[in-house]
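Labels A, B, C, D and E are assigned to the chains in the order they are written; within every chain, residues are numbered from 1.
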Amino acid sequence: MNLVLVFQSLISGIMMGAVYALLGIGFSLTWGVMKVINVSHATFGLIAAFVAYTLFKVFGMDPVASLAVTLPSLFGLGCLVYWFLINPITRAKAVIVSSMILTFGIAIILENLILLVWGADPRLLTTSYTNKVFAIGPLYFQYPRVLGFLMAVVGVTAIQLFLKRTLTGKAVRAAWQQSEASQLCGINLKKISMITFGLAVASAGAGGVGMAMLYSFEPHSHNLWLIYLFLVVIVGGVGNILGAAAGGMLIGVITGLSMAFLPYQWINVLTFGLLMLILIFRPHGLFRSEV
Amino acid sequence: MLRIDSITAKYQDLSAISEVSLDVEDGKITALIGSNGAGKTTILNSVSGLKELSSGRIYWNDRIISGSSPDQIAALGVIQVPEGRKLFPAMTVEENLELGAYLPGPRRDWTKTRKRVFELFPRLEERRKQYTGSLSGGEQQMVAVGRALMALPKLLMLDEPSLGLAPIVTDEIFKIIVELNREGLTALVVSQEVLQTLSISNAAYLLENGKIVLHGAAGAMLADPKVKESYLGI
Amino acid sequence: MLKGTRIEKHFGGLKAITNLDFEIHQGEIVGMIGPNGSGKTTLFNLISGLLKLDTGKIEFEGSTISGLAPYRIAALGVGRTFQIVRPLMELTLLENVTIAVLYGRSNVKTVDMAREIAMSILTFIGLAPRFDNLPGQLGLEGRKRLEIARALGSKPKVLLLDEVFAGMNPKEIGGAIDLTFRIRDEYGVTVFMVEHVMKAIMRTCDRVIALRNGMKIADGVPEMVANNPEVIRAYLGDNYAKN
Amino acid sequence: MGQDSGWSKRTLLLVIVFISCVTIFPWLGPPVYFISFAFNVFIYITLATSWNIIGGYTGYLSFGHVAFFGIGAYAAAIFGMWFGLSPALNILASIPAGLVSMLLAILVGYPCLRLRGPYFAVITLCFAFVTELTIRNLDFLGGADGLWLKGLALPIEVSRSIFFELMLVLTLVTLFVANRIEKSKFGSGLRAIKEDEEVAQTMAINTPKLKITAFAISAFFPGVAGGLYACYLTYIHPDIVFDVNVSILIVLMALFGGGAFWFGPLVGATILTFVNEGLSTFVKAEYARIIYGCLFIIVIIFMPNGILEFAKTRMVKKPAKFEAAVK
Amino acid sequence: MTSRRKGFITMSGKLLGTILMVLLMCWTVNAAEKPIVIGGSLPLTGQFAETGQWIERGMKFWAKETNEKGGLLGRPVEFKIYDDESNVNKAVTYAEKAITVDKVDLLFGGYPGTAARAVMPVVEKHKFVYVSMGGHMKSFEQGYTYSFGGPPLMGEWWYEGFFQWLETVPADQRPKRAAVYTMNNPIGASLTESIIIWTKKLGIEIAIDEKYNLPLPDATPLIVKAKQMDCDLLCSNGVFADGVMTIRAAKALGYNPKAIVQGIGSVVPAWSKELGPDGDYVFSGTSLHDKLKFPGNDKLNAFVKKEYQIDGYPMYFGFGYVWMQTLSQGVEGAKSLDQTKIRDWLKSNKVDTIAGPMKFTDKGIPDPINFCTQVINGHAELIWPPEVRTANPVYPKPAWK
């Protein structure tokens, strides 16, 4: 087996995995923090992708720049969804199950709204740099992938900084480490949960745009993205941001490497099989959970 | 200053406390004693707004606070040091203290308050960068008290501050409570350390099965055989 | 009949149980006391198999039970209640007990038979009139009784009672003490109980084991243990013992 | 268990009359579509009811249950192919096909049932993916081309009616088994596991064995249903019989109706199938889906424990209050 | 018999005929109020929403046109379309619903391939003519008599035209080694068949033959491998999403084979619209094409230009239209809505469609189709067979810009 193939697969796997990670951190956050499995997470990301597409086509706005518009709006949307839909069920006995069914409903609604607004045609974000590459030795680096990778790095770092450095971020962490004591400190749990959810949805937007730079997307693409989300989060450990980042990369690397060594048709079997093994032997993820 | 008027709280259909009334006077230390499961924590949680009441009212400076959310009550300066510390384990001592001063009022000059907390608990300053999960029980309790002090409390409610601590640490904690009280802090202390608690308190209430069975001046309570019976069954 | 030798259990860096030996003989009522966090419930969890030992061995009727799955230990005849009552909330009282009878050592074949036995246990425990209620409709005392009834349903040889009396008023405690004797005398069950209510311990137990910080500090007849200065210090604080 | 261990004679009579009416329905010469539609409703009832044995009774949410349906379909098709069965015999092969599903459930259940909650949901989902992809990749199982089966050489009305009756029988058997389980020792053990697995263990309940058994039973009926479906459709493909959406849909159906009761999934499956059908018939496609999505939200917010639980609490509320007053 | 008598009979016959004619006309006028209903399902939402919606548009365009011309058999036509949510099971039951509940006069064909495969045995049982893309050769080999691929989307023939053209390229200029990457589904499986036959015939070595399951996570390793194995023919047998990734990766990694053949991704309107010049020079096959000279294509092009601002109608739009064209000619030929008569007429007569004249075999498929397309300047041009050529093939493919 030759090295160029291995390294090239590895590089593209890492870059790809970084974008999965970006898409996955918010999902991990809501699942780990408030026990809400938001199966419409990827659908929000898809909305951001479609908005980025439209802004790019109509105003020539760079997809990354479009995040300036989509992230705040998605944050607001996420807050509204939390306040009116998620919050009422957080007192239920089985929040996890209820939240899955509820957000499944949201996903169906959003998908069909996208279908109504944008139609069913597949879309591509083809910018001026989409097909540009630079080479280091025999290895090629594709701009959109590098950009996606950078976005992921920035996204993960931003969320990490927010959680570690700002007072609100610390309040978010406090609320899920010790919800009762956090309330005694004067933290409004509902508000903090809303911010967390809004933030998660906003991060899905960044992830969605990242995915759109790698893949074509259609109104039903979120179903597929959702599977990646579960992969990333389970591997990385629920609620663990850096774990999700590492999980995304790991999945990318596994995919990349197995593409270099295995018949392609068995790659997905391998990925899901590995995930099953991880679940059986390390049900809480490969990385020690740190909130 | 804090007046609890005939409150009842239930878990599912089950009463944890029924028709409890008690007063905490300004500038004094009030003790709340009673055996395990008597409902002491439920009372504190009712005051803090963590527990919904099924009847009765709680007044803070003649203003009804029962029904308010925990953060609103904390904003009034009614601060609880919960049982079992309930620190944020994956955060440093400093971060825990910072979150104590989360509300806008205490936040304004929280570095000053922090300096004061470090004066009270010099050991915390040494460990400011450590995760609280890795601290010893006594140090954790200091963080818990420190975190509550960061909120500039008008009423400090301590739930079992000596639980699981070495006697020497318990002494230190109680000493600090007294010192703070001398500076004007009102406190409500819930503890199993009957003697020590009563010896620093002005007034005391004995709780049994969710009801107040005895109350009076702390000194008088010390001599009451009912107290010993309640604890030792002798 | 139930014997533990050199038991140790750590949680991370915390030693919950240190080098503990104990033994319960057939037909005894043995109490275990100790302040919060002294490792009483941990010991019960170790005996019933919900926690795994680090070192040491627990034997029941001569055979080692440490390491077995909880349901095997229960099937051998080690029953238990939980300190924080854990009734099956969606099931009626009768159902709660019937399930225990079905899977317990009574060896009943039909649900109807099990229900009859369960009903007799509920009658014994004093909950028969409310057999059709959900546990949520009971008070704490009722739930504690249900917890005992369910444990009796499995027809245990030894019953671990975890703070059954906590939170009861004196009248209820009186009834519960009576119940404890009847459990031993009418059902022939050996009782090992963790208790905070000293009154109950004093009146019921043949022998008392006292723990502090995971270590045994006293083992003997109740009066002796209650007057042991170390026990008093453990409970009321150092100063109280000096008084 | 429960209070209604026997049905009153009147209820029993009503049920028998109802079932008889359903049984003769296809022979009254309705449009074939109604027979097929009912066939589909029966499939969903069977799937949701079987799922409920592990998901509703035991509290283990399997999100990959369609795998057992698909395995059954493929097993039946392959038995037919390998042994050169006639179409009629091939239908009978559905039963061994169900056993194949069951066997796989035991093998997979052993490690997977150690996981709880969402982790179990995800691992079962993965299992469904792995099975689907493996079949798709193996050419001797038809691979990406799928498999054709021989259909019954009968007029469409007759063959559809036969499948209607067969699926009806399977549905009734499934419901009967679910009902029996609910009232049996086994079922009460499952409920104990759902409520509190640790407590169940201290009640001497062999929880691993019970869970595996429940999982195996809940895989058997979908397997048989899959076999029947393969013979009914005469063409199967991984896309068709391993549809992830079906996995999710049956969970929703069971929870929608109320997972604690044997007839919850029956109610849920029937309502959701009819609602979806009505929507697709009368409303523009996208709007129909949006309304469908809203349905889930409304149900979860207002009836978090399913329609039956909702109905039950509404009905039982009065006596409860009465009791409180007495107390 | 005298001639007078003969004349009388003729006369009365003519009279009778006239009366009958008038009556018939009255009847037709009456019937004109009762439209011909054509039913079935399309994937209007879900995974195949795009194809389903374009097919619907094509069909509706046909209906509009037909009704403007006075309808079918003098009766207006209308559709009863169900949304099967891209679910095969639903597609089957909706076909039965259309037939037995709505009692539609005709059935239309739908997508995707697996749905067609599942619907074909059902319509056979119901004896309804079903004109669709079919599910590739295997589905037409099951002995169904009422199913027609008019035209089919036939994977086995998809690259026929490309290889026929390649045969005309001097042997020394032909590619030497092929990298074949195929999606693992019925379309992919049928596409590979012709590649194996033809590469053997043309002496091209298949250096890589790999299948992948959709979704393809990453195309980079595919291209790296092809590049390293010096493959100068890339057969990327996929759909839009993976096709785009493959092209992008090829460009990014500077992989310049002599020719790239792509499955059915490049026939989706989004291909050139979204991919731009990078989508150029890709070869593919087709069953119909907007630049074919057969009558009707101009109208379709004009319509989509006006309605959707697209140059050249999308393939699935054409499919929706051409299937209805085939079906309606069957109806008009049989002069009846009797399904068996329509079938028999279609089996024994020639239909004229926008995809050209077609005559169906016993299997229900026309003669093999050998159109080859190449995307040139953002539009799929016909390059084979020579008589329909709209542009000269660009070969070898110019290096990436």
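We take it that a residue touches a chain if its C-beta (ideal position, glycine included) is under 8 Å from a C-beta of that chain, and two chains touch if they have at least 3 such contacts.
Computed from a predicted structure; not experimentally measured.
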item	value
Chain labels contacting subunit A and also subunit C	B, D
Path length in steps (a step moves to a chain that is touched) from subunit D to subunit E	1
Which of A-B and A-E has more C-beta pairs touching across its chains	A-E
Whole-Å gap between the CA centroids of subunit A and subunit E	38
Mean-CA-position distance for subunit C and subunit B (Å)	31
Between subunit E and subunit B, distance of the C-alpha-averaged centres to the nearest whole Å	78
Shared-contact residues (touching 2 or more other chains) in subunit C	137
In subunit B, residues with contacts to at least two other chains	13
Multi-chain contact residues (two or more partners), subunit D	133, 136-137, 286, 289
Touch relationships between chains, expressed as pairs	A-B, A-D, A-E, B-C, C-D, D-E
Subunit B to subunit A touching residues, read off their complex	48-50, 69-71, 74-75, 79-80, 82, 86-91, 95, 98-100, 102-103, 107, 147-148, 151
Residue ranges of subunit D touching subunit C (in the complex, touch as defined)	1-3, 5, 183-185, 188-189, 191-192, 195-196, 198-208, 260, 323, 327
Of all residues in subunit A, those that touch subunit E in their complex	2, 4-5, 8-9, 12-13, 16, 111-112, 115, 119-124, 126, 130-131, 133, 140, 142, 214-216, 218-220, 224, 255-256, 259-260, 263-265, 267-268
Subunit A contact footprint on subunit E (complex, rising order)	45-47, 49-50, 52-53, 86, 181, 184, 210-213, 215-218, 220-222, 224-225, 228, 240-241, 244-245, 248-249, 251-254, 268-270, 274-276, 278, 400
Of subunit C, residues touching subunit D in the complex	48-50, 69-72, 74-75, 79-80, 82, 86, 88-91, 95, 98-100, 102-105, 111-112, 114, 132-133, 137, 150-151, 153-154
